[in-house]
Each structure stands twice: as C-alpha cells, then as structure tokens.
C-alpha cells in the first residue's frame, strides 16, 4: 500500500477563489492510501516545495499528488522537489484544478466538486505508480537551420559563433530571404541590402556554417539530440565548384521570359539565373521549366559561353543524410494571394500593387530601376493611395484573423520615402487603426504625417474602380468626417496580409511540431517558452512563429540560437522513462506492435521464458527504451495485452476512469 | 427590459448578426451605393444597435434607402453584415407598428406600363407586411 | 438533358422574351426545360429575417417538385435564382427553418435541400460547356462589343450563391466569347442598379444606372446584356449614355439562329 | 429505477492527448473559456493510447458520454498515432451504437494546442448533446447504480 500525500495549491486566488481548497484537502484524507493532506498559498514557491519535502520525509510518503495548475506548467518543478526529498520523481502526479477547473467554472460548489473528483483520479493513479528511472541518450553536436532568410542567417551565425557546426537549408538558389527584397527598412531607413549583405557574406564564409541552397528537407527521423535528416539538393545544372560567378551565361541565355521571383513577377529573368546580384552563393541555377535546352534539346548556349565548363545538363538531384542534435525552423512568410479581394482590382489593373511589389519598384535593382512609375504605362504617378489591412483582421475565410503587424510601419516608410523623393506626389493612406508599438515607431509614423504631409484617412476602402483613362477611382470611408470619399489615384498600394510560408505545414509534419489554425508554428509556452516548439529539440525563429518585423526577428533568432546551444552543450540527455514494456509471458510473437511503432523501437528476439514451470524459447517483443517515445500505439494494438506503457499503464488509466465515474 | 432593449434584441435575433463583431473599419459605408441618401450610415447602424438606440433607427430614412444589394454583406471583413441588420430593423417597423412604407393607395401613380412585376413584388416584400 | 424549369412571374408578363428566347435556345441545344407545374411567385426578394418561414414556402414547393422528378431546377431570372438558391440553402443547412417549413408543407417525405438549383447560365457553363456551345453557334456575333451586367443578385452573397467571383466574375464574359462576340470588362458590372428602390426613388436608381452605363460605354461597350428584368427596366430608364440593354437569352437565340421565329411569336402575343 | 426528481448531472470523460488537445484544454482554461464542469479530462500521451477497453469501462461505470480528443490528422506528435485512434474509434463507436449506446454519446474531435476556443466549443456542444440524450442506461453495470 502506498503512503500518499496530497498538496492543494491556492495559486493565490487563481484556484482558491473558485475552489474550496481546504475542502479538497479534507476530502483527500478519505481516499485510500492518503496519509497526509494540506493546502497552501503557492505550492510551487520555495516554501511550498519545502512543505512537500518535509511531508515526504516526516510521513514517509511513497507517492504524492499536487492539485494545482497544469502538469505542462509545473510537473517538472514538483518532480524535482520530490527527487530532492528522496522520492522517485515519477511517483508524483498532478491534478489540474486550475486550467481545467477553477479558471473555467464560476460556481464554487460545482468547481469544488469537480476538483475533488480530479484529485481522486490522481490519487487513484498514484496508488498504482511505480518508480521509474530515466535513461540517457547522446547529443549530436550539430544544428540544422531550415530557411536562409534573416532569421535563419542570424540563428546560424549565433550557433556557429558558439563553436557548433550549423547547416542552413534554403529552398531558393540564394540565402537572403524576404529581407533581400526590401529597399529600405524602418524605423531608421537603412538600406536593407547594406545591412543584410554583410551578414550573408559572414554566414557563407564562416568555417562552422555549411549552406545548402536550392535544397529542401525531405525526411526527418529521430528525436531531440539525435535527429537524422535527408536533404534534397535539387539539380542546379551548374557545378558549384567550377562556376566563377562571371554572369556571362545569364547575359547570353536566349530564354528571358520567366517571371522573376525576386521581383515578384513584375519583370522577367533568364532561364539560367541568380535571383539577384548579391546572391550567395553567386552560382546560377538553370530553371528547367524555362530552359530551351531542357524543353527542346537544342540551344546549349550557356554551356558554350561558360569558360569554366561549369554547366552540367546531366546533373541530378542529390540526397544527403546528416545527423543533428537540434533543428531550428526559420521558414518565414509570404503575402497572401489576393484572388479573393478583387474589390481592390488587383487582378484588373497593373497599377494596383502589393507593398512588397512596391519595395521592388522603389529598389534600384528592381523592374523600374528605382523610378516610381506606373507599371501599366510607365508614367510618373501624381496621386498614390495606400490601403491598410488588406486581408488582415478578417473574421471570414477570405483573409486572416490576425494583425500582420508590419504593415502600419512599412506603409509609413513608403509614404515618407515617396514624399521625400517626389515631393509633388500626393500620398493618402486609408487605415482602420494605426498600430505602432515599438521603439521609435510612433515617432516615425508621426513624422510621416507632420513632416512629410502624408494624408491619413480613417476608414477602409470599399472598391477600387479602374477608369477608362487608366486612372483608379478609390471609393472609401472617411469615418471621422462621416462621409464617403471618391478619390482619383494613379497607383494603389495594398498592405497585403502576410502568412507563413506554405511549405511550413509539410515541414512541421516531418518534425511533428505543432502548428496553429493559421499555420504558424506553436510555441511550447506562449509567454515563457516562446522560441521552442513543444516538440523537444525543435526551435522557432522569425515569422514562422508569428508576424514580426526585422528587429524582433533578429532578437528571436538569437534567442532560438541560445536555446539550441543550450541543448548542444549537453553531452547526454535524460530520456523519458514512460516507455512501453512487453510482458514476455503474454506476448504471442505476432509482430502487430512492431508494425505500428513509428520509431522502429520494437524488435523480436528469441528469449527463454518460464511459463508456469514450462521452460521454452519463444519469439517475443523487446522494446528499445532509447528509441521508444512512449506514444502507446503498441499497447492498444497488442492483441494479447502483453504491451503496457509505464507511467500510463492500463491499470492506471482504468483507475482514473473509475475514480471519475464513481 | 426596456422596449428599446427588446427591439435591439429582436433586431439581433431576426438578422442573426452579432454587432459586437464590428471593428469599425467603415468598409460597409465605403461600399454602400446608397450612402449619400442615408441619414444613419451603414457603419453607424451597427453602433446604434449596440447602443440600443432603436428609436433613431426606426425613424431613420436609411431603412428605405437600403437596396439589399448585399455589397456590404459581401465585403464586410468581420462577418457583421450591416445589410441584414438594416433589413431586420425594417421588419421591426413594418411588423410592429403596421407602418408600411408603401401604402396601397399610392401605388397606382407609381406604376408605368414598362414596370416589371418583379419590382412591385420586391417592393411589397421590403416595404410592407 | 432534362431539367425542371422555374420561369417566375415576370417572365410570364413583362419579360416574355427572356423566357421565349431561353426555351428556343434550350431546344436548339438539346436541353429539355420542363416547367414546374403550379409554380408560385418566389416573392422577388429573399426574406432575410431568420424567422421568416411562410415567405419561403413557394420556393420550397418548386424545389420539392424538382426533387420528386429527380431533376435539377433551372432558373432564368436573377431574382428568382437568388431567392430559390438561398431558400434551398436554408432548407439544407438551417435546422430551424427546415423543420418549420416542413411542418407547414406536410410532404410525404420532408424536403432537406436535395435539389440542385442552377441558373441557366450555369447550365450553359457547367452542363453544356462554353466550348460545346461555341461549336453549336451558327450565327456568331462577331465584332460586337458587349458589356455583361451582373448586378447584385447572381453574385452576392458569394458564399451562398457560389455563382462566380463576386468582384471579378467571368461567366457572362465567357458566354459572350462563346457566342462569338467580344466582352467588355468594366468595373461597375457588379454594382447595383437600384433594384426595387426605383418604385419610389426614381432619381436614386437613375443615378446609379447612369454610372453603370457611363462606365460600360467608357470601356467601349456597344450594348449590355443582363439576366434580370428589373435591371433591364432600371437601366433602360437611365437617361445619360443609353446603350441598348437586352437579355442574354436573346443574343443566345440569335447566335443559335433561332431568334427570328421567337421574335415573331413574342410580338404576336 | 428512474430518478425523476433528481436533476440530471451527466458524467463525461474526455481523453486528451498530451501534445495537442490537453494543451488546447489548458489554453481554454487560461483564456477563461467556460464549459460545463461535467467534463473530466484524463491525460494520455497520444490518442492512440486510448484503449477501447477504457471507453467501455467508462460506460460500464456509468459515464453518460465519452469524448476523445487528439491532434489534427497529420499533426500527431508521434506522426501517425491519431490515424490509428481514428480507425479504432470508428469501429468501437459503431459497435457501441449497435449495443444501444447512441452515437451522440461518443465523439472524436481534433483540437490543436492553439485551439482553446475550439476545445471549449466542442465541450459545450458535446455536453449539450449528452443533456439532450439524457442518462445512459445501456451497458451500465447495474451494481454501479444505487
């Protein structure tokens, strides 16, 4: 028989305001095995933990139940406290009477009744707990960063500077990401390339960093400290070792009609290309869909003009397999498709563009060489209208429910830059709210209004109406004046909502990292563990976790690096002892468990068994504790009931069911 | 419950609209083709229901200027559907006060030989009980 | 192809031509439109109130009649289409309305939105196919620049009507291409003509229609086509730019070479 | 023996996987999204840990409804566990229905760690359903009733 102590936490008033905690403690004493029960204001505090330790020692407790917040919050805390007092940490169970009880119920009697039942279930379970010993696993001292934008580059640099090997896998032919597409950055108006390019060069030159561009993660297996990853290096059709980056092939390539991804399709590029002049690596790729040689077999001009002999039409995709201790996701974002927002006439007029497209228009390396002009006729615009919140803050399924966070600031930036360079151009911004929390952000926005005379109108636009003469009629609200406005414009710029890179879903599935309804990766704790995924060993950097501007992204990238370094610095990791165990007397050797195990943790061995005095050799299941992650799939699949899961055994769960239904 | 509160509840129930979802972006008013004819503008309509100022609403000429063209319903980013609220207010008027906006004896002079039946039927539905 | 057909009251009176051209064209295309027996007026506008039941029953009757014949229900007039399609959606998805409407109806088997509601344009697009239609055109309207006027009722609310993109539709443009003419895309094609407001507020409707006409003319349209008798009426009242406005079925009949005989019939009646 | 005068308070057991739906329930809690106290949650590592035996036992002991929540298909922390769970539950629920435990009393729902709202809405609608079905009289071990 266990000797169980029950500790009921008030959590200040978080629990005690709705649950009669002393009543819960009192009722606990009536449960089988319970020899001690008390309540205290903050069980997780040092004094609270001391009470637990004292009770363990004085009353000789063999198991404890803490009625408190979610085990996801403080299970580890209480396990450690128990361990310090000499109790096996796995003899601790938590009854979640905060998140699952006091916070969601209002009636004290009802909440107290429920808390008592949750306590009973935990006591029933702990009565059947057995001491468990955590094993150890090794840590591969190498990190993988998925995505080579500013987030990925920063994370990789920080990890590499701490002395660990890092690989960056980037899908496109160059690192640099969205930031490389930007012209200037807020709130200081630095040139984006001027601050990004040095970092790109540093990353490529760093002896600890290996960059795989034009590559994608194909398969991930293993677990924290010991991931095995397959990376597909897509065929570049150019030998990276031979290419000198002279650029002659791109100049001579006769196929120049492919839309330029880097310039958001506003102009075209050659079939053999580097996305932009400062690309790293400065080695082009052949877009086989656009290449005449690949389409018709004739051409081969690039091969003829390449003095280094680097063109290789026969190159094939290559799969490399590498081991990593930690993985950082930095997959970034894209703007949403505006198909469903054609009231803004994006698909009806070339002069309606997204803000990211405007970045390219404003950039010296962009389609208009940095001249502000209408894409339809090349004329200089006199009136420009910006529309905010296009697809952001939408409750319907057309857009996104969240605020994209960066639009208010980049629109102020665009407005300011335009007014600065072209003082005769009028700029109007239709906004719903101007949101500028951040250091020097509101000051920046106010400068756009006060110093640059940007006309901000509070109200959304209902429709953009292309006129026969090529102008755009903007029909919007002015809520402060309470009137409907019709404004003629030469260009309309849409602050288009951002969304996580669509590939992130596939990657999250491979990593078994959870993802929210907007496809942002979920953090382990919204406040206290913001750069970690709930899946151990997976870290989050940049917009893949939620909308962010550059300074926030860089800060988070550094934080993710620190978490990864913290993991890589360890030589051994404690493994989860809640693994499956086969009862070899019951096992009939059917292999069902082996087939459902996602980790290949179950093998079959011939073992000698003593079945009621009959000694014989049988083929039975054996679980490799280092590989087993404790999901329990095998326990239910096993037809003979030989498999059970430590810490979540059949008997324990049935005891909980019984306690709840009592 | 005050009668205005009751009427506000009724408008919410008939329309099936939760006016609290409104974020006051003004896209409905930016969209509305009858905007200039309305005394209470579409986005204000939502606030009036929230504030239970129903007297002003039922006296508003906006009720009879709304075309039920559903442009605001289509474009509202918050799924508030001001057009449905306006129709519900219209229903409250024609049902409860038996104050039809279209009187039977004024109809003959409104007719012309080209006028399609559809027009008369539609106007009857929107303006009368 | 056999369909139940709901003409609606205006097609029996002021818009006989919309109906007659449709029937003749359907015949030429091998589509059998079988008029629903004893159909009643749909009411012209969809009753928005969640507690409106009686006003929806005429639509339910037509829908159920089509269901009993195991046919899709084809509509011609935008307003009828709007009303019947939305009532059908209510019957399928709104439990309260379904229960109460069925209580009134006392059918052998309750109606729960089983019937597919198709506007004739959808039949042309999805069942006949515009490519097929093109092949059957004997008298292509080459060189004609035609603006499609959609109005509100076919497009919105797009989630329920699921007819086309509500802001940048293309079904009528594709139809215009199929009959050999050239579509003119202009931004006011999905703006309201004023609808029933023209009964009492003639000026309002006139202003709106003038905007529509001016926009269409500005982009080079020579005529407008519509599927709605009320839109046609309102647009014809516009006094500014005055492009001819005709029903889409008239041009369809013309392209299929069956217009003249129908015209005589309509004029004779 | 019908308990006509006693107010019906259903017993509802919810099995929640540790990684998604238990976290979703935590989020519902920290967001103060209420649902009836009749629901009691049992934490399991994965929905695939839920043995049909647990559910049968719950009904035997007098539960009026059992709901199982897991990660969305494709998002399972253990890659494939929820697929196994889904298949098992489909079979089990149709058998239970055959035995007279109506389909409304059993449910599988996918709730992610970020879906506190969905968790609360799911529990509210499930409890409402159980109230409408009333007390579960099938499969209960009569010895458990007094």
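Here are some notes:
A, B, C and D label the chains in the order they appear, each numbered from 1.
To be clear about the criterion, contacts are C-beta pairs under 8 Å (C-beta built on N, C-alpha and C of every residue); 3 or more make two chains touch, one makes a residue touch a chain.
If you're wondering where the values come from, they're calculated on a predicted model, not measured in any experiment.
Taking B-C and A-B together, the pair of chains sharing more C-beta contacts is B-C.
Chain centroids computed from C-alpha atoms place A closest to the centre of all protein C-alpha atoms shown. Distance from the chain B centre to the chain C centre is 25 Å, each centre being the mean of its Cα atoms. One inter-chain figure worth recording: chain C and chain D are separated by 48 Å, centre to centre, where each centre is the mean of the chain's CA atoms. The distance from the centre of chain B to the centre of chain D, with each centre set as the mean of the Cα atoms, comes to 44 Å.
For chain A, the set of residues touching two or more other chains reads 343, 463. Those chain pairs judged to touch are A-B, A-C, A-D, B-C. On the side of chain C, the complex with chain A involves touching residues 165, 167-168, 185, 187-188, 215, 218-220. Those residues of chain B lying in contact with chain A across their complex are 21, 23-32, 35-36, 41, 43-44, 71, 75-79.
Across the complex, chain A meets chain C through its residues 339-343, 345, 347-348, 463, 465-468.
On the side of chain A, the complex with chain D involves touching residues 70-73, 96, 98-101, 103-107, 110-111, 113-114, 117-118, 121, 505, 508-509, 512, 514-517, 522, 534-535, 578, 596, 598, 629-633, 635-637, 645, 648, 650, 653-654, 656-658, 660-662. In the complex of the two chains, the chain A residues touching chain B come out as 343, 389, 393-396, 398-399, 432, 458-463, 475-477, 479, 482, 484-485.
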